[in-house]
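Each in structure tokens, the structures are laid out below.
The same chain A turns up in both complexes below, where it pairs with chain B and then with chain C.
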Partner chain A sequence: MHMNGIVAATMAVLLCGTPLAAQDTLRIASGSKVTSLDPIATAAAGNIEAYGQLYTHLVRKDHDGTFKPGLAQSWDISPDGLTYTFELRPSKFSDGSDITADDVAFSLLRVAKDKSSAYPAGFAPIKEVTAVDADTVKMMLDYPSAPMLSNLEIFNAGIVSKADVEKRGEEAFTVNPVASGPYMVKEWKPNDRLTLAANPNYWREGLPKIKTVDLIEVSDDNARATMLMAGEIDVDRHVPWPQIDEVNNSPNVSVKLEPSTVLYLVLPNLAKPPFDNPIVRKAAAMALDRAAITNAVTLGHATVANSTLPNALNYYDKNVSPPAYDPAGARKLLEDAGLLGTEINMMIVPSYAQTATLLKAQWDAVGFKTNVEQVDVGLFWSNLTSGEFEATTTWYYNETEDPDLAVRWALCGTCGSKSFYTNYDNPEVDKLTEEALREQDPTKRGALYSKIQQITVDDLPQIPLYYAPYSNGYSDHVKGLSLTPALQWTLEDAELTGG
Partner chain B sequence: MRLLQAVPVLFGVSIITFALMVATPGDPIRLLVGDHASPETVAALRDQYGLDAPIHVQYLKYITNLATGDLGKSLRYRVPVSQLIAQHYPVTLFLVLYTIVLTLPPVFALSVWSAKRQNGPADQIIRLLGVLGLAVPVFWLALLLARFFGVTLGWFPVSGFGATIPAHFLHLFLPALSTMIWVVPILVRTLRSALLDEMNRDYVLTGMAKGLGERQIFRKHILPNSILPTLNLFAVIVAYLLGGSVIVETVYAVPGMGKLMVESILARDYFVVQGATLVFAMTTILVMLAVDVVSALIDPRVTP
Partner chain C sequence: MFVTGLALVLVWCLIALVAPWLATHDPYAIDFVATLKPPGAAHWFGTDNVGRDTYSRVVYGSRLALYIGLLGVIAPLVIGMTVGLTAGYFGGWVDTIAMRLVDITVPFPFFVLVLSIVAVLGPGIENYFIALALVGWVGYARLARSEAMVLRQAEFVLAARTMGFSHRYILLRHILPNALSPIVVYVMTDVTLVILFGAALGFLGMGVSPPAAEWGVMIAEGQSYISTAWWISFFPGLAMVLIGVGFALIGDGLARMLRIER
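== the complex of A and B ==
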């Protein structure tokens, strides 16, 4: 039969195909896309994961979470907390040119002030950054910011080459970008893969150990899991909960659940009925058996959320709690207010269908009437950011372990994002947010953040559902690699062992 | 002449695609910069990328650039659309040609086999398998094949395109096989019934009476006459394969045009969608033209 002939021929090709050479390339497949290599251009997940490899930072966090000097070998903070002076270590960009104080000042001003900077929130206090001499940088703030130093480790504060960006503009990030981090771009095939090569000029000598890294874009969860089990990739960024057991039962691969700052939540729109009514929000929260939802969706791999802040953040308060599960109480609340039969129109993207089904069932059980509308990602973000929704369910993560940015993003009404677009605006929370940013004493800061968490689990600008760890699949021969809560691969310390 | 006709067709396609993309809600810039960006940043970029101009002005600019061969720049990647197409198109083209090469031998073998033994056990089995092949959803089958041949047996790669030509054949084998499983039955059904029709025509009897051998009648007369309808269907299927590459390219993580198209639509990357659509349209036109030429070679009554 012709069929057999062809299969045989293909098998022959397979057999004379190149055997797997000793592996020096690490292959990571992710559903998140790398769309830009300019660290200030976007705050979307796939890009964040790549930026950290290409652009180094003034400070860096070690794999145990402690702060270490980065490009800055030392620094001095004035007693009023308004002037930071950094001493840079001698170092070079991937093209061999020196990294100077000018480059640092340029990069920090760019992320803080450039009108196309996608996420300047962490750098808002910055007034001016200047180069004192070739290896001294002075950063002046308008007002003190407790997390300023740790914010310098955020993905978009990476150091880029001033000369190159000024010379080539946009092209500096599409064709052979000049890198300062552990890796540089070997080849970028947009919509397919970003191949990184070790940067020979990286300031940490002898690192990285892995010479080549492929960041491959594979949007389908099943395809990635199959690739991992077939040995075609070494790391699968996100194994869906139901597939964790299957991957763990396969030889030579396993799933690691790693701490994240990811919080899954329900977002009501407080500018529109029905969720402008606090009674409706309270009843909606009491109607939800959040533990059951967490278990059903994540198969017990996640922790039920008790606070409006992710549990991996500093000053997370484990003692606060949104209204407890009480369907009878929820129904009574609605009944007493004459709100039985209140309609909820919930907008979701297709991947939330299961969560939405559970939410609908529990809301409808206490007397709501829930309609679920599926939209694609493009429409979702347009509707969300323009306030064209009644309720939705989604997630967010925080870039650092400091809660300032999380509060600004998800709970503050005057910080630019309208409390994650819910239009929640409690002046007290807004005031506490600014106060907590400026407070330098950790104990007092902790108290301020506890207060914010207490107020917001009562006001319910969001119904927190669960804290999800990252579920990344790793091949057994990858050592020392993890994804930090700040969404950065610890590639420079990773190794490939054996075959 | 036929190629000239392509110009108004492509023009129409470009207008329709442009209108559809503009009418689709969702802001490419918001998707580009991420949820954290301020409305001011989004507005500044919209302006910078020329998305705030009136639609007809945008289209006019697009079509003028197109006339000079410039497909524009991707909103997301800031690289020329032509670069993206040059990167993805060969992959899909390879996959489609590979699928065709794998498809044709079994189509001929099975339809001839089954037509010559009409209603025999072989015919029944082939027809039954055909229905099965048609009924199985491609994405599900593809997933099973990937798990079985890729993971359990480890015979074939389950993803990617490979770097060399032999590697392309290897990497795209499962995707081509998955596609072939539903394409073969469609073509076998058509060719089989065409063969049966032709076999019962009077000219066959005439041929026999003239003393021609059975094989000769079959090869010289029955087969050429039966192929024409199948060939036209085949052209439609090839056009469909180009568009349908989306499914297998997703399941097997093949970086081809289907993937580019889907991701670009999701990201509202207008110019990439435009460019990809035009390339799809152009390819379809060329395939149709090629099929007409081949038909004319087989049957001189058909003029291309």
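== the complex of A and C ==
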């Protein structure tokens, strides 16, 4: 009998894989760590996910893409698109103080104007934000911006407490930040985990259902997948492609492929040989069997990219296409221009070794001579931003579903990031970017973005490779949780069932 | 033991020499259709995530492993012996300075130091060799010094000095040949270490760049497939064990034959 008891207990533990007591903490593991709780301080993954839980937004986008009231219960946009008036609902911060129009004005101006704001691009049109009365906020723009409302959804536009930030300064975000979102900080151990507790004053009453959430940093992809399968964590932010099948074949866990605005691409440097030559860029694009690369790297989990913009964005044009795969044609291009044997020095971080191998093989097959140089992440960013590279391969994502910020980041030469540091600068694209931002008519806007996509798949400031979904692993007892394209967990709608 | 080791190492040298004839495929040829194929008739050790033949890559990898192992010990050996022999032979302030340098280097774990130097200089084999030269000479220097300290009291050395031979001549003709045997044994263990650490750097993305057929790089490439396609990492790992054991056995055997206490 005694033996049987032990066997039964062991069996129970093995079968459940989790402690037997009902679980009230959700454990999310991610490879990116939380380094700051100040929403304007950084734009690094890891922090982005945390900001959304701590600081609520004026509006929120629903699953169907329409805007629903957030902290603002209603809003009004003047016909010229220059004045936005928000009516706030009565609500409180986690410390019990009221969230007022002053706090909203303070928070938005901080994102738009503060020198330490890491990502102000979406808020550049803002001229002034003022509190009309305790629950009316007026936002005035210098020029109309079609995506203004959706930009309010960006991770850094959460509402912080003016009184607290002015009183405590930096400390307001390191020790017990005052939260306006569904969660507040219970404990923060940098480089290990951020423990969140439900904010009792959150304006959506009765939410969130899950009372405690751990955001744990586990940098190794394999370790995270193993922990998920062993029941040590409930959610794995990013299961690597090769392990998706394995996770799906394990009991009680599965991988959900969630839509993202992620685009993997090849970045040539147009300010340096050989990619300053359009013929070289065209030949390099024609040399690549992008479908085969996508399939080999993502094992069929991603979609081949056809445009220079991510496919989850509004106004994404499915009809444009970079030069088709044609190795013979690519070789002929190089031959005719006397460019056979052109050297390509490609810089990569180690995690891109497989992609680099495939690129090298296909480029070398048409007559390039490719050298791959591995660098660490720090050197990669410093070389990339200072233009000390010939080519590389990496990815980016867009914070909203509106293409404005993506175009500014990746294709516009006068918008600060030099077209994702490729030094591409086509005055027509730059002009179209500003035009499209101000255009309020969706049809006309769409036409402008189509034009940008058409020009850029011809100019090839980048060679798009594939659109990768987020591949997150979930334990079966987590219900209603997903990751939005904007990298936000829908924690307030989630619940834990069973145990 | 010694014979087994020698045989293993000779076999690896032979494999490296005739790699093009042993390999069944081009080690760099990718094949989008045949990715992640398990070991079988077409691919003896299976294929990796881009369809390259693992067997051919392991075979070619032996060239890099031996190249790294044998070339990597030369600089530390030459520097260490020069410093150690002069320090031990002359003694006095030469010895003091040399040994303080050694004392400064010794407290740092060998691999950590190599890793930091490579991290500063940038990834690549050349920088690994530089790091080895900066750090690895210490072991040789200590060994050579203790040998030289004993030998400088030896009668044949004293005799040579009375006869007026130059220090240079005595060091090269009398001290060096007699100090050599423990050093040769040490070289054998060092080769193993240098190969292992070279592969470790490749694994960490700080050594040879892909798509090189280097065992450490290959193990890293197979890392995320370890539960679904074990062969990508397993065979280069096995190869490394076999070459490492080979050199270690030679070292052990030599030590026994030469009656050197280690």
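By our rule, the second predicted complex is superposed on the first by the 476 of 499 C-alpha atoms of A that agree within 3 Å, B and C clash if a C-alpha of one lies under 4 Å from a C-alpha of the other, contacts with A are read in each partner's own complex, and residues count from 1 in each chain.
What we mean here is this: a residue touches a chain if its C-beta (ideal position, glycine included) is under 8 Å from a C-beta of that chain, and two chains touch if they have at least 3 such contacts.
Just so you know, these numbers come straight off a predicted model, no measurement behind them.
Novice: Looking at the overlay on chain A, is there a clash between chain B and chain C, or do the two fit?
Specialist: With chain A as the common anchor, chain B and chain C both fit in the superposed model.
Novice: In the superposed arrangement, which partner chain does A:416 touch: chain B (first), chain C (second), both, or neither?
Specialist: first
Novice: Which angle, as a multiple of 10 degrees, do chain B and chain C span at the CA centre of chain A?
Specialist: 30
Novice: If you count the residues of chain A that each partner touches, which comes out higher, chain B or chain C?
Specialist: Touching more of chain A: B.
Novice: By the touch definition at the top of the document, which applies to A:354: first (chain B), second (chain C), both, or neither?
Specialist: Once the two structures are laid over each other on A, A:354 reaches chain C alone.
Novice: Taking the superposition on A as described, I'd like to know which of chain B and chain C A:76 touches: first, second, both or neither.
Specialist: neither
Novice: Could you say whether A:170 touches chain B, chain C, both of them, or neither, answering first, second, both or neither?
Specialist: first
Novice: Between chain B (first) and chain C (second), which does A:428 come into contact with in this model arrangement: first, second, both, or neither?
Specialist: In the superposed model, A:428 contacts neither chain B nor chain C.
Novice: Return first, second, both or neither, reflecting whether A:376 touches chain B, chain C, both chains, or no partner chain.
Specialist: both
Novice: Have a look at where A:222 lands relative to chain B and chain C in the superposition and call it first, second, both or neither.
Specialist: both
Novice: Could you tell me if A:242 is touching chain B, chain C, both of them or neither one (first, second, both, neither)?
Specialist: Touch status of A:242: second partner only.
Novice: Using only C-alpha atoms, work out how near chain B sits to chain C after the chain A superposition, in angstrom.
Specialist: The answer is 5 Å, the least C-alpha separation in the overlay.
Novice: Starting from the residues of chain A touching chain B, keep only those that also touch chain C in the other complex, and list them.
Specialist: 222, 376, 379
Novice: Using the touch rule from the top, collect the residues of chain A that touch chain B in their complex.
Specialist: Chain A residues touching chain B: 1-3, 5-6, 10-11, 13-14, 16-18, 29, 33, 35-36, 41-44, 47, 115-119, 121, 170, 173-174, 189-193, 216, 218-220, 222-224, 226-227, 229-233, 250, 376-379, 381-385, 396, 409, 416-417.
Novice: Which bits of chain B are touching chain A when the two form their complex?
Specialist: The contact residues of chain B facing chain A are 24-28, 30-41, 44-45, 48, 74, 76-79, 84, 87-88, 102, 105-106, 109, 143, 146-147, 150-151, 154-160, 166-167, 169-170, 173, 250-253, 255, 259-260, 263-264, 266-268.
Novice: Quick one: in the complex, what on chain C touches chain A?
Specialist: Within the complex, chain C touches chain A at residues 28-30, 32, 35, 49-51, 119, 122-123, 204-206, 209-211, 217, 220-221, 223-229.
Novice: Which bits of chain A are touching chain C when the two form their complex?
Specialist: Touching chain C: residues 221-222, 240, 242-243, 245-246, 289, 292, 295-296, 349-350, 353-354, 356-358, 360-361, 371-376, 379 of chain A.
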